[in-house]
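Two complexes come next, and they have one chain in common, chain A, joined by chain B in the first and chain C in the second.
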Partner chain A sequence: MNALLTRLGGLVTVLFGISFITFAVTHFAPGDKALAIAQARYPGEMGFDAEILEGIRDEFHLDRPFISQYLHWLVDFLTGDFGRSYSSHSKVWDIFAGNLEETFSLAITALTLGLAAAFLLAGLAVWRKGSLIDRFAILLASVGAAIPSFWLSILLILLFSAHLGWLPAYGTGTLAQLVLPTVTLAFWVMSSQTRLLRSFLLEAYDQPFVETLRLRSVSEREIFFSHVLRHALSPALTMIGLDLAGLIEGAVIVEIIFARSGLGSLLAGSVLARDLPVVVFLVMFFALTYVLINTVIDLVQTFTDPRHLAGERNAV
Partner chain B sequence: MSMSLSNPNVKQTIPAMPGTWTLMVFALTLGAGMLMTPYDPTQADFLNRLATPSALHWFGTDHLGRDIATRVLYGSFWSLGLSLGVVSIGAAIGTIVGLVAAQNGRWVDMILMRTTDSFFAFPELISAVTIAGLFGPSTMNLVLALIVVSWMKFARLVRSLAISVVQQDYILQARLNGLPAWRVLWQHNLPNILPGVFVLWTNSWSRTILAISGLSFLGFGVQPPNAEWGAMLLDGKAYLLTAPHIMIFPGLAVLFAVLTINLTGDRWRDRLADNI
Partner chain C sequence: MLSDNAPLLSLNGLSACIGRQTVLEDVGFTLSNGQCLAVVGGSGAGKSTLLRLILGLRKPAVPVAGHLCFDGHDYALSKASSGKPMGIAYVPQSPAHGFDPLRRLRWQWQQLQRLLGKHAAGGEVLDALGLPVLAKAFPHEWSRGMQQRLLVAMALLEQPKMLILDEPTSALDPLIAAQVLTEVQRVAQECDIAVMMVTHDLALAAQFADQIAILHQGHMVQTGPAQQVLTAPSCDYAAELVAHRYWQQENPESLAAE
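After this line comes the complex of A and B, so read on.
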């Protein structure tokens, strides 16, 4: 119980740390914020009266010291007031919610496809260890980890859009436009998981219980599906969980490359337009998602394996 | 099987593939190529725009008639050199933070590790896009952004290694012999920590190469006309359909560099696991 409380305290500290870092980075970015707001508010105009700028500074509390602005923002954030976009004046939450689905569907589809491929490939590799399939799986995993996803997407566009003309290269909306971004992202999931799954499966095969089952003349098929796979699943789930954060990040980058609407394009656009309320919220969202995923993994591990609670938690 | 997370059979399946030597041959080839190429990486030659690969221009030329092979060679300075600098600075910062956290008492440790955790929560590329974008896309801001997101893994690793080393008997013996704390740290702790740091360092190096080229491709990193591999791909994006050869070689360069470094790192990790 005590260990759980310590951890909870650590979690709260980290959450405050995240909010502080996020706000500080956007606060100390160069450029006059009042001017950025004014330009977003009155598009097309260049020069602004000192009065207008002063009014904006007053409205957004830009004159106050950093700590006061931070606390002001933090209280708003904690009470669910995420502010309004400088440029479109819509609520940040509404903009975010409108873009979430695109990113989410891309990430989930890619995760499902990538994991299915990884399980198949790793299973085949372990089934015929040292064979051509095994070598192919390792090669694919090594190349997949080294191939820049933005370059892979270019190659896919060259082949399937430019050369064969089967699929559209850019945009959002139709199902066909989802294919290339999904494949890019799924390839990344597959290559990062195949290698891990393969070694987890091999490790499971090294356990003494496998020999015992064989002596009891349990069929190889049953050993694999009911025992080895199960044994490998627990470490695999942890790694997949850790990969989720990378998956969201990957989805963001792939979206920017393929000019899809979604959180990634929203982030890039808001950063370039200096739409700070949107930027701050998105960065907070990504960081909090990461913390949430890690906490869930931590808890699952604690409940399934009490050793984790006692030991050092900073395993790398 | 002592290597739980590493691939237990990597030696049988990838026999004596790239290692330290490959890396050195790679570096020498790049250096020699830069000395021998007759072209200037930024000099435009409008008569030879978008030329396909030939004996004169091995990888062809880009939209300004610049020799792509020369630019790929010079690009290694940006992609490999810049990332090497970023990772080394990040590793140094992380190692110091980790050592200080491990050596000092509860409060220092707690504050440093919670800070590390907080920074850790920000996905690398997303924070780099945000920082580089808000502070203005430039090489300097890219480097700063990547350093900010690179040190935490080292801090965690060094701290946990240092804590496990501190509990070893010979450290206790050294302390009982009256050695000052800094000598225990320097002569006994550090040599046991560095191999692990080194493996993480190679791993982070390849990740940073991918990050730099990716961010430059998105326009947040090294700016044209500099011949960074990702920036070259961004340059060529407009000519994707008319001159696809522009897009092939810089990407291959990234792939080859990252693959070589990864495989080298794998071999070092396995050797390390054998020695433990």
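After this line comes the complex of A and C, so read on.
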């Protein structure tokens, strides 16, 4: 229980740190913020009256000291007021909510497919270690890790959309449009996880008790599913958690290339338009997701490994 | 099936190599029902290789010649694996070698029962070794001595004719090791089970074994009744081992200093 509280304390500290850094970076970014807001508000116009700019400074408290602005923003943020977009005037939350589902479905399908492929490949590789299957798995994983996703997506578009005409090259909404972006991201997940899973499984097989199980005539199938897989799962979970950060990054690139709506393309668009409320909110959201997922994985591991649990019990 | 005076196990002319290096050469011994044999030797003498080959494990050493006869069945010790001979049960050297740390002890015990198809015998074996009913404990929640005793119980559950103990003292402190071995000795005598243990500890061998075989650099340099080996070592290495044992007994503080 103590460990849980310590972790939660650490989590809150990390999130405050992130919020401060994000706000500071956007605050001290070069350029006049009032001008940026004005440009977003009145697209097409170039020169602005000093009065308009002054009004904007007043409205957004831009002339106050940095700390005061930060605290102001923080209180708003914590009370659920995430501000409005400079450009569209819509609430940041509404924009975010409208884009969340696209990215979520893309990330989850890619993660599921990629992990399923990785488990299958790594399982086969370990089952016939040193065989052609094993070498193929290693090769595929290395090649996959070396291919950047923007390049793979372009190749996929060329082959399946331009050349064969089977799948749409861009857009959001239909299942067919989800295929190519998912494959791109799933391939990335698969190649980063296959190699790791393979070595985690081999490590699990190397534990001294496995030989004793064989001497007790436990079948290879039971050794794999009831013993080895459990031992490999714990380190694998950690790596999958780390991969999630990469998946978010990947989603940005993939969403832009396939012209999909979603948090990735929203983030890229907002950065280019200097729509700071949206940028800050998205950065906070990604950070929160990442930190939360990793904390949950940590906790799951602690509570599923009886030895960790004993360690915590003794420590308390 | 067997006449009373035929040995339970006889091993003849076992040679094995790892790569090009010969690790065992022309090793052989016999063991009768209810007897206890200790194979004694330093590290690298080939003790574990010998044990692994008898259990049918082929890594890392490969047998090149040899013949094993156990309980009336012949096993050619050649390159192809023949598996563990029926009727031999193995007690691993430490709990880490015997239990999956992520599974409850009761689960692992029941797994073995399921494989053996002997649900009834379990309680008696646990009783015989003074073990409690297996509750929802994980291996690390038991003391090492208890875990090791449970490993012996799991070996006995197979109703073997012979037990093989691998370095029974390496993972336990001397007192607990002696306790576990005393239990093994008692149960083995009750059920007429032969015991072969592999150890580097001649003092321990002297305490528990009827027969001692001394293994040195892949050769069995002396085999015979324990008393004979201890009183009349037949070669320099055996003499050195025996002398060291008495030296240890006379200078117990040297052990504590180690």
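Quick notes on this one:
In this section, the second predicted complex is superposed on the first by the 293 of 316 C-alpha atoms of A that agree within 3 Å, B and C clash if a C-alpha of one lies under 4 Å from a C-alpha of the other, contacts with A are read in each partner's own complex, and residues count from 1 in each chain.
Simple rule for what comes next: contacts are C-beta pairs under 8 Å (C-beta built on N, C-alpha and C of every residue); 3 or more make two chains touch, one makes a residue touch a chain.
Just so it is clear, the structure is predicted and the values come from calculations on it, not from any experiment.
By the touch criterion defined above, A:Arg216 lies against chain C but remains apart from chain B after alignment on the C-alpha atoms of chain A. In the superposition on chain A, A:Leu242 contacts neither chain B nor chain C. Look at A:Val179: by the touch rule set out above, it reaches neither chain B nor chain C.
By the document's definition of touching, of the two partners only chain B reaches A:Arg195; chain C does not.
In the superposition on chain A, A:His227 makes contact with chain C only, not with chain B. By the touch criterion defined above, A:Leu62 lies against neither chain B nor chain C after alignment on the C-alpha atoms of chain A.
More residues of chain A are in touch with B than with the other of chain B and chain C. Looking at the complex, you find that chain A touches chain B at residues 10, 13-14, 17-18, 20-22, 25-26, 29-30, 129-130, 134-135, 138, 142-143, 145-151, 154-155, 157-158, 162, 195-196, 198-199, 202-203, 206, 245-246, 248-249, 252-253, 256-257, 267-268, 271-272, 274, 279, 283, 286-288, 290-291, 312, 314-316. Those residues of chain B that touch chain A in the shared complex are 1, 4-10, 12-14, 113-115, 117-127, 129-131, 133-136, 153, 156-157, 159-160, 163, 200, 206, 210, 213-214, 217-218, 230, 233, 237, 240-241, 244, 247, 251, 254-255, 258-259, 262-263. Note for the complex: chain A touches chain C at residues 207-209, 211-213, 215-218, 222, 226-227, 230-231, 305-307, 310.
Residues of chain C touching chain A in their complex: 55, 57, 84, 90, 92, 94, 96-103, 111-112, 115, 138, 140-141, 154.
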